[in-house]
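A short worksheet on the structure shown next.
Going by the order they are written in, the chains are A, B and C; count residues from 1 in each one.
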Amino acid sequence: MGGFLLRRIGQGLLVVIGVTLIVFIATRMVGDPVKVMLPLSATDAQRAAFAHQVGLDRPIGTQFVDFVGDLTRLDFGESLWQRRPALDIVLERLPNTLKLIGAGLGLAILLSLPLGAIAALKPGGWVDRTTVFVGLFGLSLPQFWFGLLLIVFFSVTLGWLPTSGMGGAVYYILPAITLALPSLARLVMLVRSSMIDELNQQYVRTARAKGLRFPRVVLVHAMRNTLVPFVTLAGWELISALAGYTVVVETVFAWPGLGLTAMQAIQKSDLFLLQAIVFTVAVLIVVINVGLDIVYKLIDPRIRLA
Amino acid sequence: MNIPAMSSQEPLLEIEKLKVEFDTRRGLVQGLRGVTLSIGRGETLGVVGESGSGKSVTAQAVMGLIDMPGRIASGDIRWKGRSFLGNEGERYARDIRGKEVAMVFQDPMTSLNPVLKIGTQIGEVLERHLGMTRKQALNRAEELLAAVGISAPRRRLDQHPHEFSGGMRQRVMIAMAIACEPQLLIADEPTTALDVTIQAQILELLAELQQSLGLSIILITHDLGVVAGLCHRVAVMYAGQIIETGQAEDVFERPAHPYTQGLLRSTPRLDEVSDRLISIEGTPPNLVTPPEGCSFQQRCPLSGEACKKAPQLAHIRPDAEAACWQPSVPAWANPLMSPTFTG
Amino acid sequence: MAIPMPVTTPAAILRNAGRGPTMLKRLGELGRELWQDKLGTLGFAIIVGLLLMAIFAPLLAPYDPAAQSVVSRLKPPAWLPKGSWEHVLGTDHLGRDVLSRVIYGARASLLVGVVVVLAAGTFGVVVGLWAGFKGGRTDAILMRIVDVQVAFPGLLLILLIISVIGPSMMTMIIVLAVTNWMVYARVVRGIVLSVRQTPYVEAAEMIGCRTSRVVFRHILPNLSSPLLTLGILEFTNIVLAEAALSFLGLGVQPPATSWGLDVANGRDYIFIAWWLITFPGLSIAITVLAVNLFASWVRVTTDPQEREKRYAYQRAKAAARGRRQSPANSEGGSA
């Protein structure tokens, strides 16, 4: 267990180092941060002053050492847009994104298990075909468009739900559904195909030959095995949502989370803030990966954390 | 057809003119083409035949495991006189299967649920059929594991299948099958996937259980040696039909059907010195379009005009039947006639 | 009960290319099988239609997609009051013809999708083959790179890079290709490893077949079917990613057109001009749906077991309708 954790943390370290390198190369070597961050009207003197102030006029090697040093002190620099430490803004917005992901992914997980299982029981039956079709739709509708359609229908036409922003429970409904849609589609298809596979396995024949009642064969025997790939995919959904897939939903619904902040940072050319978001999320993903590995172990006794 | 059971009581299981079909892209495969057999209390029946002959399909039909694209087309399966088929039969069968008739499968590596504990998998049968509580079931499961020769059973209950060897898993499967003290155990090639030394142990265990529990056993195998050691009666299957049946000793001493004769010639024997094994040339017929007449005629050295008409099982001795127009004629007497020699 | 069956996958057909009439016959057979699957056929037809639409956009589009007209701004589609047949799907806030923009928009989606899948696929396949064949340390390092990159905060990193370099179609293609090659590498490596362990490849290697021969004779045929399915599915992901990036303003830039960009433009007018987001969004959805429908047919067809099951269900359905079909598929093959 200890060795496993160590290896996982080592891998996480590699991820963080990789992200550091990419961010550094992209921001300091490929692009010109001074040009990006200052308005076009800035004079050469202003540019030079700004470069000097944030240390961009030093040799690239020194810049890298400073960059890494700042990161280890969790100093991501000051947001140009809000004139306060970038990390503060990130930590302020992060919980909103986590709440949105919790609502959306929770919805997808809760719906996909029963739907996929029912569909799998009679492949080719009408529930199955409906599920496959809904799954295909969920995979095919662009998320931003689906969100806008929901707004047009439920907020503009019917006036039932708020169009955007964050507040009480009603504010969660449309963004959560929008975020859930593609995840639900993927998860439901996985549960369906995995359940079909599992129901054809020899151990299910054993269970049937034992005279076990149908619900037990399906829910205990087959479902328990389906959970193994299901947890893997659900973990992937969680990570990819964090990795930026909430950006679209947050933009459509003006949800004040990290994704929307990232888009605002881009519009305001606030490179330091964007950088802080990327690093925070990278570290968060590393931590979640370790957590997921422990969950895998609980679900699948064959995995050994050695 | 009527095979006399060992005891005078009514048979436990009767299968009558059972037909099973598989609807595939290549056409309708006739898996079973009218199989009739029965087994009485305390009896051991060996079902032999090569792969695809329908022996496993027969067992699956009894256990309700024929799935799409397969289906039972006609015939009947009766347990103590009551049918397993139809809606009411299905309901009846569900209470019988796992309790009065249980099955052990060929591959112990895939037959156990990989993510559930052994204790759960044995215990659930007891909870289902005998209404035990979880705790009672686990205690009984411990006894069962001990009974099939697994040491430290209490500790083993908490383990998962991947922590067991192949032979041990088959023992677990057997413990699960005998959990409710069934009257009939169907063992579908129970030793095929195991090492030779383990095979003998498992067969010994089955023989012991048969003695101690008074079990009837249907042993499905392609290994004639296994049948000889364990079975009272034997049924030989070919191309979805039973082509010969009788007392095991008789069938081995005086095989009547040319296929049985050929099968025996291709089996190594310890009690006879022979320097080569002889296989039967050709392959079993395609069951999409089975040949008119005797299904063995293409491979049979005796085949003639009469074989264009399908032979039915008929008595050749009071307790033996064969489906052949020229039963008990030595078909492979002349070594020059049997074309293939394998060292 | 095991039923041996001839494997007639598209891959097998490609392998048999050049054997003259056999291939044509197999293709015909495949076509008939596709025809049986109505949704798969529909998907295929839409894909062909979209390709033609993208290629012949200048001939099909009634207007220049960028031509603005102040007098005919925000005109509704023709079938609504105030709509006119001059602009069948209406006009946007700059008076541009929505239909023409939808037709031209297909170009961006399909181009980005195809180019990214080919680029990422080629790179991923090479890495996967390399890792699978070299094994040992090379494999460990390559797969570690894959693992690490998979754990990156993907989209956020994309946003950062695009905002620094400056958005354009080219930037988007490069960034999407660089962030999407890993899945191919993993799949290919997995298949190479499992195929190499099969007795026939071990035997071929043992008797001294050259590596290249082993690759071409034994491994590539096993790769083609999964890669085909994977490539098709990845294509849908890329089309959606292009739309999302363009919607966020980080993909295709005006005056070029893209469906995602048009949805973003129409967003400010959802209260008064619903058609501005509806038609481009619908175009994305239909494209992806069509590809998915076709992909699920391909997936089933390249999997012999699934293919048997599909056949059984179709037969069962036909039987339920009381229609009798001849049970034997004449070309299905004899054992």
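Just so it is clear, a contact is a pair of C-beta atoms (placed from the backbone, for glycine too) under 8 Å apart; a residue touches a chain by one contact, two chains touch by 3 or more.
Source: prediction; values computed, not measured.
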Ask   = Which chain has its Cα centroid closest to the overall Cα centroid?
value = C
Task = Compare the CA centroid of subunit B with every other chain's and tell me the farthest one.
result = A
Query = When B-C is set beside A-B, which has more C-beta pairs in contact?
reply = A-B
Message = I'd like to verify one number: the distance from the centre of subunit A to the centre of subunit C, where each centre is the average of its C-alpha atoms, in whole angstrom.
response = 23
Request  = Measure off the straight-line distance from the CA centroid of subunit B to the CA centroid of subunit C, and report it in whole Å.
outcome  = 49
Ask   = What is the distance in Å between the mean C-alpha positions of subunit A and subunit B?
value = 53
Request  = Enumerate the residues of subunit A that touch no fewer than two other chains.
outcome  = none
Key: Touching two or more other chains - residue numbers and ranges from subunit C   = 309, 313, 316
Message = Please output the residues of subunit C touching subunit B within their complex, sorted ascending.
response = 1-3, 5, 307-309, 311-313, 315-316, 327-329, 332-335
Ask   = If you look only at subunit C, which of its residues touch subunit A in the complex?
value = 144, 147-149, 151-161, 163-166, 236, 240, 243-244, 247-248, 250, 260, 263, 267, 270-271, 274, 277, 281, 284-286, 288-289, 292-293, 296, 309, 313, 316-317
Request  = Report the residues of subunit A in contact with subunit C in the complex, numbered from low to high.
outcome  = 11-12, 14-15, 18-19, 22-23, 26-27, 30-31, 33, 36, 123-124, 132, 136-137, 139-145, 148-149, 151-152, 156, 239-240, 242-245, 247-248, 251, 262-263, 266, 269, 271, 274-275, 277-278, 281-282, 285-286, 289
Query = Taking the complex as given, what residues does subunit B use to touch subunit A?
reply = 63-65, 67, 94-99, 102-103, 105, 107, 110-116, 124-125, 128-129, 160, 162, 173, 176
Request  = Enumerate the contact residues on subunit A facing subunit B in the complex.
outcome  = 200-203, 205-213, 216, 220-221, 224-225, 227-228, 299-302
